[in-house]
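Input: a single structure, listed below in structure tokens.
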Amino acid sequence: MSHGGPDGGQEGGKVTSMHDAVAGLVGDGDTVAIEGFTHLICFAAGHEIIRQGKRDLTLCRMTPDVIYDQMIAAGVASKLVFSWLGNPGVGSLHAIRRRVERSDPAPLELEEYSHFGMVSRYTAGASGLPFMPLRSYHSSDLPKVNPRIVELESPYGDGVVYAVPPLNPDVSIVHVQRADKDGNCHVWGFLGCQKEAAFAARKVIVVCEELVDGRVIRSDPNRTVIPGLVVDAVVAEPRACHPSFAQGYYDRDNRFYVAWDSISRDPAKLEAWLEEWVYALGSHKDYLAKMGAEAWARLTPDRCLSEPVDYGAYSPG
Amino acid sequence: MSASPAEYSVNEMMIAASARQLEGEKVCFVGIGPPNIACNLARRTVTPDLELVYEAGVYGADPQRLPLSIGDPTLVTGAVSVTSMFEIFSFYLQRGLIDVAFLGASQIDRFGNINTTVIGGYDEPKVRLPGSGGACEISINANRVFVIMPQSRRSFVEEVDFVTSPGHLAGRRPAEWLGGGPYVVVTGLGIYRFGDDGVMYLSRMHPGVTVEQVQANTGWDIRLSRDLVLTDPPSELELNLMRNELDPEGIYTR
Amino acid sequence: MSHGGPDGGQEGGKVTSMHDAVAGLVGDGDTVAIEGFTHLICFAAGHEIIRQGKRDLTLCRMTPDVIYDQMIAAGVASKLVFSWLGNPGVGSLHAIRRRVERSDPAPLELEEYSHFGMVSRYTAGASGLPFMPLRSYHSSDLPKVNPRIVELESPYGDGVVYAVPPLNPDVSIVHVQRADKDGNCHVWGFLGCQKEAAFAARKVIVVCEELVDGRVIRSDPNRTVIPGLVVDAVVAEPRACHPSFAQGYYDRDNRFYVAWDSISRDPAKLEAWLEEWVYALGSHKDYLAKMGAEAWARLTPDRCLSEPVDYGAYSPG
Amino acid sequence: MSASPAEYSVNEMMIAASARQLEGEKVCFVGIGPPNIACNLARRTVTPDLELVYEAGVYGADPQRLPLSIGDPTLVTGAVSVTSMFEIFSFYLQRGLIDVAFLGASQIDRFGNINTTVIGGYDEPKVRLPGSGGACEISINANRVFVIMPQSRRSFVEEVDFVTSPGHLAGRRPAEWLGGGPYVVVTGLGIYRFGDDGVMYLSRMHPGVTVEQVQANTGWDIRLSRDLVLTDPPSELELNLMRNELDPEGIYTR
């Protein structure tokens, strides 16, 4: 098994830098999904979008999380499509709340679902279906404020379900643990909607902890969550999810999530944070250098390896 | 040996009472915060075999530490199964495999209709709350819904500002809904259940609480059980587990 | 890692014998699915159903394969729900054809879909949905001969799709590579509809190549395809798929599939085969003893292990 | 150097011609038998990067031996991705990611409508065929459908006994169908394409075949291309690969 970082001999394929991936594939006005349910949230991609001053994006995520609070505070988005708006385990996303509650400094359009609704939208988008049926929304006020959530009679006359329409982002950005240069990806731990968001999107940026030889991927094809077939760019950017986590690589930085609460309550502190941790830095490598190596000792778990499985070698008989 | 009222907090009472409600349950859809502590307390007391399901995609979690977030990596390592969120919602929840699910609430009415979306109007909210997450479909599909929430006139209201998750509506749930809806509500003051007409009633009061206090913190005329009894206070075992193992920093229990 | 066969120290849980699982869970008149798409087809379960003389079953499978030809020849079924009727890579299933073409020796009711239709039926059944939409069947004659396949207008006014109803077998029998005593299962290689058939069923029998300690399953939770939650019985029956295969354990016995063609063309030869290989034997252990050890040398692949992944040990911090 | 007609079989010509049609294609949904050999031949000649998708659940297979069945374990070991059949049909086929898919046919009509279900009536069939498998949805959703089949008056018919997989209907496919329908039909006699009106025409004839022979084996008045040309016979390379590597026992090629 031979691993190679971005400078480690994995040339060619779709491998590029975060700067070039975002510059080349994310356009003003695009619908963009940076997915990952608590796990594998690619903060580094969000920071690069802020640095490049993208504007008027429609941002999609089940849980906007701290990264969308940062992006929306930085003014990259005019609309948010979501299902749960908070700082998980901590409280509110104050920059987003200011825009929603007081149009401060500008209004933010909301398009709101439940989690199952968002999951079903990505799944319909990934499946080429005009809608996905689900048992939810009965007697909830959500369909009243979102006309895209509609009632649908079962064709077998056995009752009513609801439907949601497909979500097909212009660009989905998904973080994974392992990818090869063609964008074939192994993911483990919480899968969130990484697969559905990738298959649903018109363009896909994969960001990985490790760029690995294709033989590593092919040693366990059942672990491949996203095939290179749907991937346009591969960025090797270790630790790009901080303060979110990558199962087996680093822990969630709960202290940062708690600290964000007081930063985001105060627009001046938030602006200073963006200046110090995003605008003043050229890349995620600068961010990691600024964090320092010590932080990672606290965040690095002990090893806990899976039992391998035997696929068998079936050669000409 | 049980502790006296002075020796435990309102939240400790609420969580211990919630954990006891899980006796006999098998599969529980867990939320973060107090529900998470209640479920893990139940696994160490009344129901050791309780299987924990988290919407992030876990069945049979075996957390080695108290997860701060609903998506903590300790919920994955050593779990029975980790799967996509589509499958958790489709194959577990919508298939009817969830016995009990916990929901929180910012507002609840007498029928168990829950608001976690906005205080005020939707388009010009006074307070923008997190929204549904999985709560809307959980309230419709889980066999029984347990609600844990703080109680006051601002949370126990005559009419919720927004129905995020439907309860017993105005007394009847349609036949095509899989789940039975809200089954019990546990607050810092007592334990509530629902009558056949879908209306909430006070079933138990926590030690030291009065009926007057309950009514003062309820936005409608609260109905009382004919055999209203007192909750047992948290036991030493329950308090020790919460204080030393499950929430040593006291984030949710103090 | 400690493996245990049925006599290897894995007591308790849901572990039982094939005889007792079939006797206890499969009833006359039941709708039964033995799934597995070319891979992991549990022939031993089919043989036990024949031996116990079950009657009037509705048999469901995407590809009836040789095992359903045997079962239908033996008279256990009155109806077949399917999407492709053949001996894969070889030709026809002659016992089934005789019943369909000439009611010889008795008629067989057919309920026919396409593969995607069958997959969608199991998925709807596993999802608690009253139907599943799909883009198929337009202008095909299949809906004309199967009124359960119906047109459905998209609620967004963007065209017509088709719907199929849920399939919820009374009993699903699925073969897996690894299971623990509670029925938590690891599966790799072709997954077919094993997961969907298990979640859709009212009762589930899991048959495994290896009964393993629960720690093996928990070492790789993303590999768990079926949770014990939906499983009623666990049968440890190695090599129970012959002549089908179990990835990494043994190869498909193509010679048997070819040989079946001439056996099943001739009712007398078929009856003699059933007598010799099913009725005269008490269990799958007898079948393996009768096959002899030599056959397995030809069918056993070399090892080809997956790269393990690191889940990380996240202990109290 | 090409072989002369006497030196190769009808099936070798048909498979070599099919493989050449894959030049420039990227993602191919493979069926078992002749399509499987044609795809693997194409990977060794005109399109080395062709990715093979099998309905059993494989993307990017790298078979080390010729699989006899569509579900051979050699398609799994070393593949890029193995996934559920629901995802193969939903996320690959129905999403529009399949460039070209091969179908076989027992009967085909001039519009490319295909029967693989029954000869005779459905309820009292003369011959019960396998049925659709994935063919019905493949014919509707794959960008282009390639058909490989033997040609005779029994297979090239005026009207198919049963439409298993729709072609160009009577000339027009509805806009909501994702795929373009039948694109090419390769038989032992020649190569057929479809006009703008959805009607099949003879585009190329294999060496040694006459127009009279084609018409004698077609159940309707076959239309000819204005620039009808001859297929190149199988090259030595193609024959060597088929005979020595891909089908040494000659199951499909002889």
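Think of it as A, B, C and D in the order they're written, each chain with its own count starting at 1.
The rule we apply is simple: a contact is a pair of C-beta atoms (placed from the backbone, for glycine too) under 8 Å apart; a residue touches a chain by one contact, two chains touch by 3 or more.
All values reported here derive from a predicted model rather than from experimental measurement.
Chemist: Touching subunit B and subunit C alike: which chains?
Modeler: A
Chemist: Tell me, please, which chain's centre (mean of its C-alpha atoms) is farthest from the centre of subunit B?
Modeler: D
Chemist: Where the centres are mean C-alpha positions, what is the separation of subunit A from subunit B, in Å?
Modeler: Result: the chain centres lie 29 Å from each other.
Chemist: Quick one: subunit B and subunit D, Cα centre-to-centre, how many Å?
Modeler: Centre-to-centre distance between subunit B and subunit D: 58 Å.
Chemist: Mind checking the centre-to-centre distance between subunit A and subunit C? Centres are C-alpha means, answer in whole Å.
Modeler: 37
Chemist: Return the residues of subunit A touching two or more other chains; collapse runs of consecutive numbers into ranges.
Modeler: In subunit A, residues 123, 128-129, 134-135, 158-159, 188-189, 191, 195, 222, 247, 251, 301, 304, 311-315, 317 touch at least two other chains, as defined above.
Chemist: If a residue has to touch 2 or more other chains to count, which residues of subunit B qualify?
Modeler: Those would be 58, 72-73, 76-78, 82-83, 94, 141, 178.
Chemist: What's the complete list of touching chain pairs for this entry?
Modeler: Contact pairs between chains: A-B, A-C, A-D, B-C, C-D.
Chemist: Residue numbers of subunit D touching subunit A in their complex, please.
Modeler: Going through subunit D, the ones touching subunit A are 27, 51, 58-60, 62, 64-65, 72-74, 76-83, 90-91, 94-97, 141, 178.
Chemist: Over in the complex, which subunit A residues touch subunit C? Could you list them?
Modeler: 1, 128-135, 150-152, 154-156, 158-159, 161, 163, 165, 177, 186, 188-189, 191, 216, 219-220, 222-223, 247-249, 251, 298, 301-315, 317
Chemist: Can you list the subunit C residues touching subunit B in their complex?
Modeler: 123, 126-129, 184, 195, 199, 214, 217-218, 221-222, 224, 227-230, 311-317
Chemist: Under the stated contact criterion, what part of subunit C meets subunit D in this complex?
Modeler: 37-39, 62-63, 82-86, 88-89, 92, 96-97, 100-101, 112-117, 119-120, 123, 134-142, 145, 158-160, 188-193, 195-196, 245, 247, 251-252, 254, 257, 301, 304
Chemist: For the complex, which residues does subunit D have touching subunit C?
Modeler: On the subunit D side, the touching residues are 32-33, 55-58, 68-73, 76-78, 82-86, 89, 93-94, 117, 122-123, 125-137, 140-141, 162-166, 169, 174-178.
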